[in-house]
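Common to both upcoming complexes is chain A, partnered first by chain B, then by chain C.
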Partner chain A sequence: MNDATQKQVFSLMESVFGAPDGTVNLETTHDDVENWDSLNIINLMMSLEGAFGVSLDAEEAEQMLSTALVIDILESKGVE
Partner chain B sequence: MTASLADRFPVGHTETLTHRVSEAVIDRFEAFSGDNNPLHMNTEYARSKGYSDRVAHGVTSLAWLSALIGTRLPGYGALWRSLRVDWLQPVFAGDEVTLSARVEAVSAEHRMLTLAVSASNQAGITLLRATAEVSVLDEQARVSASSVSTRPDRSRTAGQHTETQETILVLGGSGAIGSAIAEQLAGQGFSIVIGYHANEDKANQACERIAHNKGNARSLRVDVAKMSVEDLQNQLDELPAEFQRRAGLVVAGSSPLLFHAPEQISFEEMETMWRSNVRALWLGYHALRERMTENGWGRVVALGTSALVGTPPARNAAYVSAKSGLWGLVKSLALEAANDGTTFNMISPNMVETDYVRHVPKRVKMVEASKNPRRRLAQPEDVASLAAYLFSREADFINGCNLPLTGGGVMFG
Partner chain C sequence: MDSDNHATIIQKARAYENEYSGTALPELMLLSSNTVDSLAPYLLLESVEQGYPLKPWVGPFNQFEQVLYDTGSAVWQKNLHGIWLHLRLEDVYPDLVEAYYREGPGAVRSTFDELLDRLDALITGFRERTSATLLVSNFHSPLRLSFNIFDANQDQGLVYLISELNRRLASLCTRSADTHVFDLAGLVERLGREAWDDPRLYYMARMGFSQRVLRPLANRLVRSFAAARRTSAKVLVFDLDNTLWGGVLGDDGIEGIKIGGDYPGNIFADIQRAALALRAQGYLLAIASKNDRELVLQAFQEHPDMLLKEDDFSSIHCHWEPKTISLPHIADELNLGLDSFVFIDDNPVERNMVRSALPDVRVMELPPEPWNYLAALLNFPGLDRPRLSSEDLQRADMYQQEAKRTRTRSQVSSMEEFLSGLEMKATVGTMNRTTEERIFQLINKTNQFNLTTRRHSLDTLRRFAQQDSAEVFWLRLVDRFGELGLIAVGIVIEEQPQIWGIDTFLMSCRVMNREIESSFLAYVTSQLRNRGAKELRGYYSPTKRNHIVRDFYSEQGFDAVENRASGERVFRLVLAETQVPVWAGFIEQTTRPNVRKFHA
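What follows is the complex of A and B.
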């Protein structure tokens, strides 16, 4: 995934989780973000689907436990 | 064991023992000796006499000298004959006392050792000097003492390469977990035989790392699927003398994971997995059984999986059923073969980060790590640490256990 796309993902996550700008990075996990909960994961799925034109399923939602995993899932859908 | 006394305990041979003198130690000494002198029991009184704290009973250090003589130099068979002691400095609550005993003279005729003893504290200040004479009972006495399931010789020879050093056969020793266990146990003074099947290079690399750290290891090709007990025994017998006191077995290998769905699994696949696990324990146990019984001390540790108690992973039926069989054999041996001083246990980690799971998708590993309460996968060193504990004297009563090593990722009970 290129840097610009990565930044877009970080920014989407910050927006969904209500985290301050610049706080989400490649190392961020669900331990680091207060609002990383099941409701917001649904919101994140919808944001990602809208932004990248991909379709995400429930199993993938369960796997979204860190930024690295979110990126891995998007990459497996061909997001570059 | 026909070595002469002077061979076993050459002049200059030294053993040490360190203990901390806690307040509880002083209180317990008072309780059984009745010596309640306030210099020992009352901090204010001791300070009024110019000491910084309660002064430990001088004889306390000699109790630990008794342990040093009785368990290490010369160990079992010791009969303490005489002692001359000069107390030089007081010992206070909280001090760490290191006792050292050095062989000064050996009398073959009287089977007697003269030991020069000293004790020092954590600051290096000499607390006492003493001379002790100890006779050494004959070999027969030592053998009968060793029939209790403690370890008569290892503490004396730890770190040295002698004919009495205990040897552990690590089957699957070229793999990441097996070699981590081998290296950890070598660091504790065991001689190691690394049993490998295909990967001779990795087995030899593990031996080199052990040698680099002043340990003692050899590699040996062992085809656990086919080798006979006699063949394994013969090959072990051909190893040098320092590998002959065989007292432990680790079963850490397993044939490769194929991730087949149940309908794809052939009986050959099941059998291969079964042989690499259950037959490995059967083979190693039979090859070592006699020596472990003679020693009166043995340890067998098999590698299991947390899948045995939790929900098994999909597409692993051959692996999970073979590990279940292995656990069944561990339990049966723990019941029927432990009374000669050998214990049998299993360590069951969840996914360990090794080459063995290289075909497991990266995302599955990331999810497993992220969901684990410890936020990581198990490492080979985690398994090695638990194995090392099972090989310790302190683990004597742990038998027939399947010990979870999951970081809380799978919880038992």
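What follows is the complex of A and C.
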């Protein structure tokens, strides 16, 4: 995934979780972010689908427990 | 990023939340039988954009009566302006479509009678508790019904039974003050039944609608609340050329303007019909147009397809002066304030002039295409009027007196009555092969009602189940509405001889406030007592999400004995003492025969 897309993913996650700008990076996991809960995973899923025109299934949503995993899933859908 | 991306909406809503953090905004309580948390940011955004900022508060999922009868709840301290009661047939009666085919229309009718009684009790209860506007969603048909091509072929088909239900709901709401049907079914119809649902989100998160309907749903909800709380407009001031007819009267002459007949005259005929209908509903019509007055009056009189006539207007201002002068004149003539005026003009320059010079006037934004004018007119929030207020008040008084005299047996008026009415049946037991998978899942995903949040592996759980000095208990629940499944888990470990520690105590949030938790604790306690336990120790380990159970053990009669540096709190219950948790009488208990350890 290129840097610009990566940045877009980070800022989208910051919006969904209400995390300050610049705090989400490649190392972030659900343990580091207060609002990374099941409700916000659904919110993240809807946001990613809208932003990247992909469709995520339930299993993929459940796996979204770190930034790295989110990016892996997007890359597997062809997001560059 | 796209301006209507879900994340953008969340971010904008959060910004508004901060902006209004010092203001006591009126609050809007959402009570729903499915998950509506994702709707909250859309509501905040819509409310700010519609000029009626509201703070949404999402009540506990599927707990209508619990919220109503819990007088101590913090929600009753709020500045509530609105309550949305949203029950969905699929949630309330998961078996409805199947029951219809199995048992026929009569059975469904009595189910609906029961549902209306429940809503009646809720409406009466909320009405006694608060003056907030109540909006009650009407019912759309379950998605799976729409796959049946012949249901509408039966005169007693489920489609008709549901529309009958909606009609009865409407008359129920009419009897109660400031209580209105929220026309959810109408919105579903407008947006399309299939587009409404996202089965994936429903099965994953119990969301009753797809992401793409969140915006229009929030829009309609805010509009409905705003309409009920604010005064609607009283006067519609129209421009003429290219607004009430096509073309320019001064240039094209009476024969040349487009009204009636085929395109584009048919567009303006529909606008005139809509204006006449608004007049019939009590709105005053007026004209502010840069035109020759005599020619205009002649056009109204002589054009054969003109539907509006001179007499339909309360005031006609046709001249070449600016409209910012006409409008105050009309206001003086009618003795009404400009804040009750709506201004409708196809020319954006005129609209902007009125907007900046007369900020009290509500200016209707018209799309560039005339064929979309009608939708803009009918969709305009300033014209929403739930119902006539004087009639409303009279009916409400009558209803309230009636309600005090007779309250039918099927209505409940207290938490106890509600809970007994649920006809809950619990089965309790200890973990075995058939229950271990679900127990493992609950242990690893329950965050809120979870005292210690210890995430055990399946191997550890199996070891607990096999040891004599540990046990894994569970509880399954069924109520009159259906199966809720295995929803509570308790793990106990003998820490010292005859002293048992509660390693894990958790419950699914779906069944909070039904006294399941104290009953389950009573069961665990009695099991341990049978085993010779003298003392129980309870632990509370705080996490970011489990503050609701912070005082659970104190509420259950345990003594607080220690606050550890880690934040963990330790509680103790001496079993010889009389005050131990008791099983709630209204929950029927069945015990799964214990195959292995306890009575061996």
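Here is the rule we go by: the second predicted complex is superposed on the first by the 80 of 80 C-alpha atoms of A that agree within 3 Å, B and C clash if a C-alpha of one lies under 4 Å from a C-alpha of the other, contacts with A are read in each partner's own complex, and residues count from 1 in each chain.
To be clear about the criterion, a residue touches a chain if its C-beta (ideal position, glycine included) is under 8 Å from a C-beta of that chain, and two chains touch if they have at least 3 such contacts.
Only a predicted model underlies this, so the values are computations on that prediction, with no experimental measurement involved.
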{"item": "Which of chain B and chain C A:Ile73 touches, first, second, both or neither", "value": "first"}
{"item": "First (chain B), second (chain C), both or neither touched by A:Thr29", "value": "first"}
{"item": "Residue contacts with chain A in the superposition, chain B compared against chain C", "value": "C"}
{"item": "Which of chain B and chain C A:Gln63 touches, first, second, both or neither", "value": "first"}
{"item": "Chain B versus chain C as contact partner of A:Gly18, first or second or both or neither", "value": "second"}
{"item": "Residues on chain A engaged by chain B in the complex (per definition of touch)", "value": "29-31, 62-63, 65-66, 68-69, 72-73, 76"}
{"item": "In the complex, chain A residues that touch chain C", "value": "8, 11-12, 15-16, 18, 34, 37-39, 42-44, 46-47, 49-51, 57-58, 61"}
{"item": "For the chain C and chain A complex, residues of the former touching the latter", "value": "1-2, 4-8, 10-11, 14, 35, 37-38, 200-201, 203-205, 207, 211, 445, 447, 544-545"}
{"item": "Footprint of chain A on chain B - complex, ascending", "value": "362-363, 366-367, 370-371, 375"}
